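Letters are used for the chains, namely A, B, C and D, taken in the order the chains are written, and counting of residues starts over at 1 for each.
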Amino acid sequence: MPTLTLHDAVGAALAEEMRRDGNVIAFGEGIATKRHELVTEFGALRVRNTPLAEGIIAGTAVGAAAGGLRPVADLLFAPFLCYAMDELVNSAGKLRYMSGGQFSFPLVALAMTGAGWGVGAQHNHNVEAWFVHSPGLKVVMPSTPADAKGLLKAAIRDDNPVVFLLDIGLLYQPGAVPDGELLIPLGQAHTVRHGKDVSLISYGKTVHHCLKAAETLAADGIDAEIVDLRSLKPLDEAAILASARKTGRVVIVHEANRRCGVGAEIAALIAEQAFNSLKAPIRRLGGPDAPVPASYPLEQATVPQADAIATAARALCRQLHA
Amino acid sequence: MNAIHHETDLLKLYEQLLLIRAYENAIVNGSAAGRMPGTCTSVGQEAAAVGAINALRAEDLILTNHRSAGHLLARGADPGRMLAEVMGRRDGYCKGRSGSLHISVKALGVVLTTTIVGGELSLAPGVALAQRMHNRPGIVACFFGDGAACEGSFHESLNLAALWNLPVLYICENNQWQAFVHRREAMSREQVTDWGAGYGIPVSSVDGNDVGAVLDATRQAAAQVRESGRPALLEVLTYRTRGHLEPDDQGYVDKAELAAWLARDPIALCRDRLLAKGRITDSEAAALAARVDARIAAAVAFAEASPYPSVEELTLDVYA
Amino acid sequence: MPTLTLHDAVGAALAEEMRRDGNVIAFGEGIATKRHELVTEFGALRVRNTPLAEGIIAGTAVGAAAGGLRPVADLLFAPFLCYAMDELVNSAGKLRYMSGGQFSFPLVALAMTGAGWGVGAQHNHNVEAWFVHSPGLKVVMPSTPADAKGLLKAAIRDDNPVVFLLDIGLLYQPGAVPDGELLIPLGQAHTVRHGKDVSLISYGKTVHHCLKAAETLAADGIDAEIVDLRSLKPLDEAAILASARKTGRVVIVHEANRRCGVGAEIAALIAEQAFNSLKAPIRRLGGPDAPVPASYPLEQATVPQADAIATAARALCRQLHA
Amino acid sequence: MNAIHHETDLLKLYEQLLLIRAYENAIVNGSAAGRMPGTCTSVGQEAAAVGAINALRAEDLILTNHRSAGHLLARGADPGRMLAEVMGRRDGYCKGRSGSLHISVKALGVVLTTTIVGGELSLAPGVALAQRMHNRPGIVACFFGDGAACEGSFHESLNLAALWNLPVLYICENNQWQAFVHRREAMSREQVTDWGAGYGIPVSSVDGNDVGAVLDATRQAAAQVRESGRPALLEVLTYRTRGHLEPDDQGYVDKAELAAWLARDPIALCRDRLLAKGRITDSEAAALAARVDARIAAAVAFAEASPYPSVEELTLDVYA
């Protein structure tokens, strides 16, 4: 299997889908510069740099999607989505429903998110929960290059607006990506490790921290299951509940602020629908309720690391034996 | 009043003006009686809508906003289905989900109506981009208010459309009000064209209460967009003679200003011209008004007879 | 006690605080028109209409707050906050922290939210959870005119940016408001009914639906406790946990989309910190994952009503006896 | 090169130009060596910063953005504390929380620096409003790029400042680039003044590589703002001669364009003038450069010796 970075897997997905469907176009602040090979192959009309104006970039994607194109709009960093909230939330998410189903909005809004670059809270703010909370949108956040490729191709083909988040800490990490057509349906979680004692539910870079934690836990005789959500909306409730029911102990892990994060939703789902299977409190590990500082050691400290995950899981398993 | 080109009958425009006024009055009365929700009426602005819409072609696409009844009716929308929508009924153009503020009728080319003021400006370039990339002939007419022109999306939209050579005809209906704020309290300049001139595109403005003038000015601006493939901005100067949203006592409105505009009521101006030209007699005018009123009465009856959607529809059409 | 609507209680709070402190100013799209009495008393420089541009309204509040004023910015309807996200989230919420504490942002962003007016999803979208998820902001949503007055006065005096949401369904309902100085600290929930069998945790208009449900439940011999959160951030965790521990059965009720709503946060808190006291699954009642339709009966159907609340509470109490 | 007013010593400006260049080079080298994060350097734009900042008064307030080293150093910020901030260390001006992109120094009047491009434009009117309502004398200088001018906040900000008569001096540093996008790919017009002219405020532009010209133009624009209490826009035309953010191979940059601007390096232009006027000799220039380099070397040492903040600081200062 060839090895690609997540960044290159995104490029491969874009190229394949643009080749397949002439309606797929891509634009954003610098995409034609940074992915110049797409301009070479598909021309300067289908791959374009834009003015520095996220609102009109997103709005143009919305309008173009309603007109029959399949735009991929690169909005750079997640905090800049603040300038595109109206277009994504009020237009892309609502105008299909509000028009009685007259329009659809097959578009992808790409943005980078998360720690790893040390540039502070105006570039690093994990806001995926905002979009999960907003109707009419889908939200995806892959943890590997292969998933990024397969999910992006599915997102481009999806007839709904998809907010597609790239964890910047994973962007240049290489990973195996199968040759040939790779499509991963939105809404399917991936159980990356099967286990019976505790469920670690996560997405993005903290999936890798869970994997590391699982190794430590295994050494302690604790058998962790790891569910990588991949899609945050639609959320694979069945996979989440099945794992929670199986192990009875749940640690939810993500980098975003705990308060009203995606982890809150998952905990609430489990507390409502798998309550009778629970053997211990549901633990959430997430970022603090603070802007992310630029200072490298502080930035790292905002991300739940393997040690903290293992400690939390161990505590739940002790609680069982008590 | 400017010359009406022979292929368009002023009488036809007059009937549209009357239809819009009668439609709006039905809502004014219906909402005062508690039988309908209040809306943002276009009373006083009928000529702006009728003149502009009649200058467009069937293949052109239209984006509009919360004050859209004139655009829709002039484009041929069924007042019954519009009223059903206003009342949240199943036979509304949007299945009752839109209400009055965001009625789209894709079949008539009225797309992506939004009540986020400035939202129409964000969406228009993309609609035009799709037209161009699909080699479809229609241009995109984007109706927006003087208020919308104060949003940042105005700047972003005009810059992008000019930069990418997109066929967008920006039609600003400057009715001097932005809800409860007068244009003077909101704009550093008198007119939106003062800003529009900075984008290197053709800009023009027109007396919005003269339906013929609006028709001509829009035809000219639309022709520029069609020929150049580039955007243009037309500002239509008019006045919102009723309040922002029914009911509205207009206690905050300068009486002299209102009176001055009421004296130039677009429907009266048009009728006077028809009478002066001998195109219509007083009794014909009365008969026409009665026909229009009957049509609106039937529309009200249709809308009132339409059932509410069932609660199961609450979560339909959220996702494609 | 005099009786005021919530709208007038807000006016009274504004007038009192403007009288007390010359730094308090108010501006927005039409505030000088709709609250003209404030212009009469405080002059046209302190109470101003603005251009129709939420970004610059919010940004001007942020800049003015850093400069020593205490602005109250009226942003009208919650969905329009989409145009002010950058200013509220990236500037007001982050620039204090990111500057090492050099600045503070004593401002209030007012917005109306919720069902009751039948004007559709671009005017009715309950997005309070977005701001709870965002660091550096406080979030308040009162359920009575008295709370509105006392909380708004406290919000104006607070040195932090406060998103202050007014439930439009309550805006013109009269309520008793005590005479004289009324200050309600942010972050204190109000237990509006004490009970021992089940906790109904809510805020905004659904608090009233909970009160109605409690009456029905009382007739069935079920004694409900009702916690009105009032502040969503800071969240009164102690009050939430105390009630959950006391009754062991929790129904969380709000009008916003369930997915990643404030109810998810509360459920997660309880599932983590009061797990051992729980006698039944935690139930959440909230809006559907759909834009809010304009059609009146459909709009009403998005809001959890007293019947549904009573049914949910009854089911939890049955579960106990089973 | 324009006349330098007697009260300002060109030599002092020259030293500031050198200081900024040496500071930026320290970061270029430090980041290439992996000892520091990369930053958005202002190499090539030093005269724009030095000329503009030196035209301001101590009481004036400054808003700037991600490319702020020149503004800060010209205003008198300590390069050691700036570098400590870049490196995320405790002695940074923002306790290491900002990093390079949002360094504010309230004590020097450099307030609300933001790396949200366009954010500075949103915040400036409010800062000016507070100045005015508190009857404080300083004007507000808002530095922003040609990229920021494409955001809707440009329109909203200029309109509000003009409408409310706020003392904001908008200084657009048009360096021809918006990260990896050339100005030509982003702007429908050649200059930001083309847009600015629509707001009914004084607009002007100046050769940004001529420090004396920038000083004069800024003085003139600042005087207009001071006297009228109203905003003005000054566009400073310059070029970003290194990449957007270190490291950047500039493979996407037109070589001829870059060469043309490098030939007009602002520091060389200033030195040539000093030499021509006999204000400095070659050896004095060398000694000055050495002094500046030593100062920066000391600053690097200071920053490198500063500890990282402790993890307990993660949640301090979130709320007031």
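Please note the rule applied: a contact is a pair of C-beta atoms (placed from the backbone, for glycine too) under 8 Å apart; a residue touches a chain by one contact, two chains touch by 3 or more.
Note that the structure is a prediction, hence the values are computed from the model and not measured.
A.B. asks: Could you tell me which chain lies farthest from chain C when each chain's centre is the average position of its Cα atoms?
C.D. replies: Computed centres place D farthest from chain C.
A.B. asks: Return the distance between the CA-based centres of chain B and chain C, expressed in whole Å.
C.D. replies: Spacing between the chain centres: roughly 36 Å.
A.B. asks: What whole-number Å value describes the gap between the mean CA coordinates of chain A and chain B?
C.D. replies: 41
A.B. asks: For chain B, which residues are shared contacts with two or more other chains?
C.D. replies: In chain B, residues 96-98, 102, 114, 116, 118-119, 150-153, 156, 159-160, 163, 185-187, 318 touch at least two other chains, as defined above.
A.B. asks: Any chance you could list the residues of chain C touching two or more other chains?
C.D. replies: Touching at least two other chains: 50-51, 53, 55-56, 79, 82-83, 86, 90, 97-98, 120, 122, 135-136, 288-291, 293-294.
A.B. asks: Between the chains shown, work out who touches whom and classify the graph as line, ring, star, complete or other.
C.D. replies: Graph shape here is complete: every pair of chains touches.
A.B. asks: Could you list, by residue number, the parts of chain D that touch chain A in their complex?
C.D. replies: Residues in contact with chain A: 37, 88-89, 96-102, 114-119, 147-148, 150-152, 178-182, 185-187, 252, 308-309, 311, 313-315, 318.
A.B. asks: Inside the complex, what are the residues of chain D that reach chain B?
C.D. replies: 150-156, 158-160, 162-163, 185-189, 194-201
A.B. asks: Chain D touches which residues of chain A in the complex?
C.D. replies: Against chain D, chain A makes touches at 29-30, 32-34, 36, 49-56, 79-80, 82-83, 118-120, 122-123, 288-291, 293-298, 301-302.
A.B. asks: Within their complex, state which residues of chain A touch chain C.
C.D. replies: Listed in rising order, the residues of chain A that touch chain C are 79, 82-83, 85-86, 89-90, 93-94, 97-98, 120-122, 125, 127, 129-130, 132-136, 233, 235, 256-257, 259-265, 267-268, 270-273, 275-276, 278, 280-284, 288-291, 293-294.
A.B. asks: Considering the complex alone, what residue numbers of chain B touch chain A?
C.D. replies: 92-98, 102, 104-106, 111-114, 116, 118-119, 121-131, 133-134, 152-153, 156-157, 159-160, 163-164, 316-320
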